[in-house]
Amino acid sequence: MFELVRDVGWRTIENVHGLGGITLFGSRLVYETLVPPYRLRRVIDELYNTGVLSLAIVCTSGLAVGLVLGLQGYNTLVRFGAEQSVGAVVGLSLVRELGPVLTALLVTGRAGSAVAAEIGAMVATEQLDGLRMMSVDPLDFVTQPKALALALAMPLLSALFIVFGLFGGYLVGVGLLGVDAGTYLSSLENNIDFRNDVLGSLLKSVVFGALVGLVATWRGYTSAPNSAGVSRATTGAVVQASVATLMFDYVITALWGVGV
Amino acid sequence: MSRSPIRDLLVGVFVLSGLAALAYLSIELGGAAYSGPGGLTLYANFDEIGGLAKRSPVVIGGVKVGQVTGIELAKDGSFRARVKMDVDKNLKLPDDTQAAVLTQGVLGNQYVGLSPGGSDTFLAQGGEIAYTQSAVVIERLIGKVIQSLGGSSNSSGGGGSGDGGKAPSGGKGS
Amino acid sequence: MPDRGNSRVDVVSVRLAFGDRRVFDGLSCRFSQAKISVILGASGVGKSTLLRLMAGLQRPNYGDIWIGEEEISRLPERQMRRVRKRLGMMFQGGALLDSMTVFDNVALPLRERTRLREKEIAERVHAQFEAVGLKRVDSLLPGELSGGMKKRAALARAMVTEPEILLIDEPFSGLDPLAVRLIEALLVEVNHTKGLTMILTNHHIGSTMRMADEVVFLVDGAAISGTVKEIKESPDPRLQRFLVAAGTGPALEDAS
């Protein structure tokens, strides 16, 4: 019994410690991003790794989700005679929620894990120590470009996900189920508002991008310098970033919808 | 760092297509003729606004010219809904313009439709639209149908089954 | 080689523990200027840790570490960066950045620390390649190098900024006997031509005995120091046991 209480206490302290650690790490990352040298070359390289290489999975998933939404949306709306609104249903679901959230989860799995693993491997092979010995700050040289690239790529990928999803909905709704193309598009356009929907979606994807960038780089950076440590860091990064994304999704949705 | 020019090209393509997608979503889908505070504030009192909410569009002839910026209970004790609207300041609306709460389609969102009148005086900043037409609330309509079908014995005026609100006053309601 | 001040390293009464594990318990030793000093000892005794202490990558719990006239064990990271300009470090696995070519790796310290133009940087990098015996490796990635070549590249990178003190972690690990001899010769030559203070960790007895000016033997959290001759003739039983186990007793042959 006493063991249990002590265990809980210990875990709480560890978590608070970890929370402090990640906050300090995060503020250092922000500082290094804003302060020269800006390392544009490396940011572009990392954008390739996180953004371009995630394009395939993001676009195909977007298309697939759009197809499903079109199908499900139509099947449900047809019961109320409202199948003309399928464009709005597909569009709003994608823009408000599915676009930013699913993109974030996909990118976390693909690019977030890769970043955590890369950095973890660099810790294990003393590459970061090597940098320190050359008077280079590994945070500035390695982690900052990766985190920044993740944060920048996310909104772009999210927008592409949504566009492919809208197209998927179009394929199913107009191509398959006979909704009029003009109706689909006008239903889309009339029901999506820039301030309410698109801006909120953009904000979400930027926040998620920053989250994934922070969690993935931090887990890699603080991993134990051996292969078990690296694998723990990678899986931990995916789990933590995913959960954080979902939780922040609620917070942003609530604040954005209420505040305005 | 393998400085491959192909990589750079791909990154460029990625960024541009992402930005294009964002632009499409923002401008094509989200945007409209009205995108910011228009500047002209108008008021109207309605008996019933139904599902009208803040940021609901204000429309003339199908074109969005503004949005609802506030809804509250009228302070003159009439228990009507006072709607505050913000519309394009370049509009010259005659002061006999009518405002109606309409629905998009049958089950769609509610909006305020303005039908300009023919008067020579125009509504000024903070002006009041005198002629209003309240929203049609489906439940009340159904209630009235049931009432008129079933209750010839219930011939007390106003009140009656299912009709929770007060009966519209003459001249301005429906 | 301009005398930029004392490039001697002194470790004074250092204590270090990781949790319950005591690594150093009052360790004191000196690494003389311009000499090749080898840190010897059984696996896990703390050779690499001692090197890391001198590099500032590890802080002791107690004690002082002097690089020349400067005590570094409590310096903040920013100051440490300044001190590291005098140091060069060769890591056990090379620790070259995987994502960059060999050329970019060796050029990195110059690009980061100096304002030299690309042309000058290329000259210096290629000079280093020659000094360590690497040919045509410019656009290779570290993963494409053999073990010996990685070590040479790592040495080139450590040397390209012309440090006064070179810290080398297990230079001979994972090398065949021929490669060991080659790297050994290279290190000795560098020491003789540039007058660097070189501190190596090694558990290769043969090469140690051949190249070391001074030996620091780590055991039980402390050090026994001396020249090669003194070490071989030392009465300390732990040292004797180690030397015998490693195959070189007092009557040693040239074992490698």
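So that you can tell them apart, the chains are marked A, B and C in the order they are listed, and the count of residues begins at 1 in each.
The definition used in the following text is that contacts are C-beta pairs under 8 Å (C-beta built on N, C-alpha and C of every residue); 3 or more make two chains touch, one makes a residue touch a chain.
The model shown is predicted, which means the values in this text are computed figures rather than measured ones.
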Chain pair bearing the highest count of C-beta contacts: A-B
Chain separated most widely from subunit B, comparing mean CA positions: C
Interchain centroid distance [CA atoms averaged], subunit B/subunit C, Å: 77
Intercentroid distance (Cα basis), subunit B paired with subunit A, Å: 36
Between subunit A and subunit C, centroid-to-centroid distance (C-alpha), Å: 43
Shared interface positions of subunit C, touching two or more other chains: 99
Touching two or more other chains - residue numbers and ranges from subunit A: 45
Contacts with two or more other chains, residues of subunit B listed in rising order: 1
Footprint of subunit C on subunit A - complex, ascending: 45, 121-122, 125-127, 129-137, 141
Contact set on subunit C toward subunit A in their complex: 52, 55, 57, 81-82, 84-85, 87-89, 91-93, 95-99, 108-109, 112-113, 157-158, 161
Of all residues in subunit A, those that touch subunit B in their complex: 41-42, 44-45, 47-48, 51-52, 55, 80, 82, 84-85, 91, 95, 153, 155-157, 159-160, 162-163, 188-199, 201-202, 260
Interface residues, subunit B side, partner subunit A - complex: 1, 3, 7-8, 10-11, 13-15, 17-19, 21-22, 24-26, 28-32, 35, 55, 104-105, 107-109
